[in-house]
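Below, subunit A partners subunit B and then partners subunit C, in two separate complexes.
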Partner chain A sequence: MSDHPVTIKAVHPPLPERLRELVASDLGSYVLAVVLIVLPLLVSGSWMFAIGVCFANAIGVLAVSFLVRYGGEVSIGHAFFAAVGAYSVAILDTRFGLSLLVSVPLALVLGVVTGVAFAWPSRKLSGIYLAVSTMALALAVPELINNTDALTGGYEGLYVSKPLIPGLPMSFQRYYVALAVLIAVVFALARFRHSRQGLTILLSKAHPAAADAFGTRQVWARCAVLGISGGIAALCGAMLAFAGSTVSPSGFTLWSSIFLLVGSVVSFYGLTLARALIGGAFLTLVPQFLSASGAWIPVFYGLALLGMILLGHYLPRLKEMMARHGGTA
Partner chain B sequence: MMDVATKSLTGQGIALSFGGIEVLKGLDVEFRAGEITGLIGPNGAGKTSLFNCLTGAYHPQKGAISYAGHSLEGLPPAARAQKGIVRSFQHVALSPDLTVLENVMIGVARNYHSGWLHAFLPTVRGRHEKAEMRADAERALAELGLAKAADKMPSELPPGMLRLVEIARAIVGRPAVLMLDEPAAGLNNSETRDLMRSLSALASPDLVMVVVEHDMDLVMSICDRIYVLNFGAFVACGTPAEVRSNEEVVRIYLGSDDD
Partner chain C sequence: MNDVLRDLFPLAWSGMITGCLYALGAMGLVMIFKSSRVVNFSHGNVAGFAAFLIYGFSSGVLLDLSWGAAVLLTIVAVVAIACLTYAVIAPLVFDSDLTATIATLGIGLIAQGATLLIFGADIVSLDLPIPRFSTSVLGLRITGYDLTVLGVAIVTIGALFFVIDYTKLGIAFRAISENSFAAEVCGLNLRSIHLFSWVVAAVLGVVGALLIVPTTFLSVTTVAAFMLQAFAAAVIGGFASLPGSLIGGILIGVLMNLFTFYVSPQFSSTFLLCIILLALNIFPNGILARVGGSRV
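Right after this comes the complex of A and B.
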């Protein structure tokens, strides 16, 4: 599309052009965001609560998908980072009376730090070996929480009740804050894809030696990817605590980690708003839909998973057959 | 002319072996700034291995490597890249997730230093930096006649063009040392001629350029000096005319090609 390539392009394209680029790049996401903003007017309180939790889980799905996309690695331990974020929010709320304004940044920082702290010793591992070592993280969480019950409340957990904006109904805050954080993460990741760091990390995934030869050390790339992924997962935890109102060890088990991975797989590791929501829905909304089916829940859940994966697999071909132009990447 | 000599990339007694097999047998090299040096030799002679030692990808068991008088001992590849020591790969190593232009932008990434905030947020500085990187990459692609391919994915291009993208990525960041590993492999005759012109135009008094190549026409016509490697040892070194008339070289390597 660049018509006159050799002359140096204007460093600051005119504003309308920039706006057009911004909108055109992601029109679907903008429409979806607007729908989600007006949705509380249409659904009942209990659904609003469930969708809020779905937003939080969608952030966790993004954390896992980011690791897959940029690191080429799989995690079955991301509930660890989510727990770091969730307990940052819950402990600052209940023990110190501090709101999200303080606890969310702290959660983000702690998530990044623990992500890097895990990346360093595991820097030489990849594939199934790395995945199994992330599992060690997930297995440690419930024990860690129970052994520090003076702070964490142990089995009983903690109740998060401090509003971000005093005076506004808490049910709306739980929904909208989670949505805002989800959108912010999607937006930041979309910028990251075109950033210098994003480009070099993607080369490092495909050809570590080539990235190295152009100044990007593999260890640096690994630490960066896990740091960012851990930070996003901590934001997921922070929003699970706030939108879900309670935190307890049962929310951060190995199963939670596995379902984050499931959500990432059914969304085909997509980093767009729609993909993240599909992943998040498989953690929150699909089970709720199926809750009427009693003992058959796991079976129907499995079928829904299979259906989604097959749909994702065949949809592009169907689209091609119908000779229509494709949507998001 | 004084500083030209001091800006050379030198190796002394570089010895490399894998599991007891000697791949490089104590090589002394001096790749001078302002010259295009050819490095030729049969398959398996150790040309790529020498590049790997010079860039820090391999750790030779013996020998010293220095650039512009400073030892590169212990420096990992990324740190050598920061000094402007850059190479292209014999086996094209582009990211399949990135467009051609983005792949080439990676070649200038080492010259930019904006922090993480600029990677995630639409800041003025981040935008500025990206625009500069993009302009650099577009210029490098244009120099190699690839302007039209900028927005394509690597999977959409034929091997010859991918090879040129690989070279564009190496030259885009204004390297101090440029090592090209078989840059003409997979190119057709006219592409090779264009490449020769581009490489000759790139030569400058400050640039150390080393070209590993099997295409003798290319090596003989653009190189100022040529090293001939066989079984991990140099058998000759000199101007194209000297190398061409060296009996041993003719025997082991150029025999069928020459006269």
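Right after this comes the complex of A and C.
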């Protein structure tokens, strides 16, 4: 074995092995998707509702994770984009009687536009400076909603009731539409990873100077990442409105943004279906289980956030240590 | 014209008073950022928890102490919390400042939950034991509260600048904020300086919270909301300059006051967002930054 340097082997694993890995990772997602599709046959209505909301939150977690993965930036303001999506659905539904067929594309477009609109003035910021300005963004949301109550319904919020396909039971629609959008987002992100644009953006995150030399400007990369992330977050909001059936300003506060970040950290910024679901489940099911004692929710989220961050910090070190001990033994 | 001036003067005055408090909060954030490159998002929630502790210790909910004893005990508790917080995030600080910053969000969540668990979601009032006093100077109504805030702010900030400018600890702090690697090579203990800044910041937060609460009431979100203006103040100062954050605090106080009076009280957070974005774009390194360019 000493004739073959280990490093080269690690970079180019044999083709069959690579194929098997590819199939295995995709297979997991396919199996999970099939399980989720047949799940409504097994669980009761209230669970179906909760899982539908969980799908919506999973999309939001993906939006935050996408920003971390492709932009290297942390946002605590994604509730803003989610609110944009949620209110496009809710306003078109209640004021104009239009269904998701119109409102979801609109939500996506508005999310991308607001993402880019926010990215442009903050294009020179990074790291904590960007995090602080996203925080300011999140803070502005509830009062913007409350003070345009002729359109948004103010404190009371709006009720979303228009079905996508008339005739089918609404509870099934709330579940399956959210699931379909989640799967679509996960699939699109998986394709994006191997696309030309995806690789360009990753290059500009990892080696800004090299990306500049190849003609990818930092500003363009930032606008692209925030635009896509904002679009995904708007889809999350749209699905929160549809699957959760109501929208109100209390759902889009600074804390909701922070919870989305918590979900993203808990899923280790993963962009796969399973990881997104872990984050979404964390956001949806923890409050459900702790509903009797609401004050424990922030404590639990805080502990989980710290725990996952410390785990992420120590796990590689522990593994290294174990590998070293294993190697010498 | 005369009317505008008549309103403007008192508005600027009261804005300056609250601005001093924003500056106190902002300086805590900047102290921590200067030494350890971490933005402490838990600042507001921990300070709010401290305000509730003072209320709890002095009102008989937890203990029945005099106001002074309650404040002392709370400061001890807050220093302990600051040390504990730093102990938790210490391993992350040298690894990635962004990760450590996210971790402070976790601390903030825990502090908020602890406040809810111990004191509930009720609104309480917490007053300062100062004599009711009010006088009029040049048509300006000045209350005992105003003078107390001004006095406490001047003494606290003066003491802080004195420590940073003239003591060994302060010199070490400045050395670390200029170049932490060189400071470490010279034999300074980074950890103890970090801890110093976290403790000072926590105490500044308590002072700020104590002084801001009498103007409104005390609820779980009051102090956290107040600290958001402190964030804006720190941003205007460039997040790494103590005098800058002092000016930023007063600027934010006055501007917010003018905005809520002349434009609209409902869109104050949106206004704050615009200020932050503008400030970050026009003076990315703060209003007191030396003018200079970067080279590729």
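Following the convention adopted for this analysis, the second predicted complex is superposed on the first by the 264 of 329 C-alpha atoms of A that agree within 3 Å, B and C clash if a C-alpha of one lies under 4 Å from a C-alpha of the other, contacts with A are read in each partner's own complex, and residues count from 1 in each chain.
In this text, a residue touches a chain if its C-beta (ideal position, glycine included) is under 8 Å from a C-beta of that chain, and two chains touch if they have at least 3 such contacts.
Here the structure is a predicted model, which means the values were calculated and not measured.
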item	value
Partner chain in contact with A:Ala117 - subunit B first, subunit C second, else both or neither	neither
First, second, both or neither for A:Leu199, with subunit B first and subunit C second	first
Partner chain in contact with A:His207 - subunit B first, subunit C second, else both or neither	first
Partner chain(s) touched by A:Leu303 [first = subunit B, second = subunit C, both, neither]	second
First, second, both or neither for A:Asn146, with subunit B first and subunit C second	second
Touching partner for A:Arg191 - first (subunit B), second (subunit C), both, neither	first
Larger contact residue set on subunit A - subunit B or subunit C	C
First (subunit B), second (subunit C), both or neither touched by A:Val102	neither
Subunit B and subunit C footprints on subunit A, overlapping residues	209
Subunit A to subunit C touching residues, read off their complex	74, 76, 121-122, 124-125, 127-129, 131-133, 135-137, 139-140, 142-144, 146-147, 209, 258, 261-262, 265, 294-306, 309-310, 312-314
Residues of subunit A touching subunit B in the complex	1-2, 5-6, 8-12, 69, 188-189, 191-192, 194-200, 202-203, 205-207, 209-217, 220
Subunit A partner contacts - residues on subunit B that touch it in the complex	55, 57, 76-78, 81-82, 86-87, 89, 93-98, 102-103, 105-107, 109-110, 112, 114, 116, 118-122, 124, 126-135, 138-139, 141-142, 147, 150-151, 169, 173
Subunit C residues touching subunit A - in the complex, by the definition given at the top	33, 39, 41, 88, 91-92, 95, 97-99, 101-103, 105-114, 116-117, 120, 228, 231-232, 235, 239, 266-270, 272-273, 276-277, 280-281, 284, 296
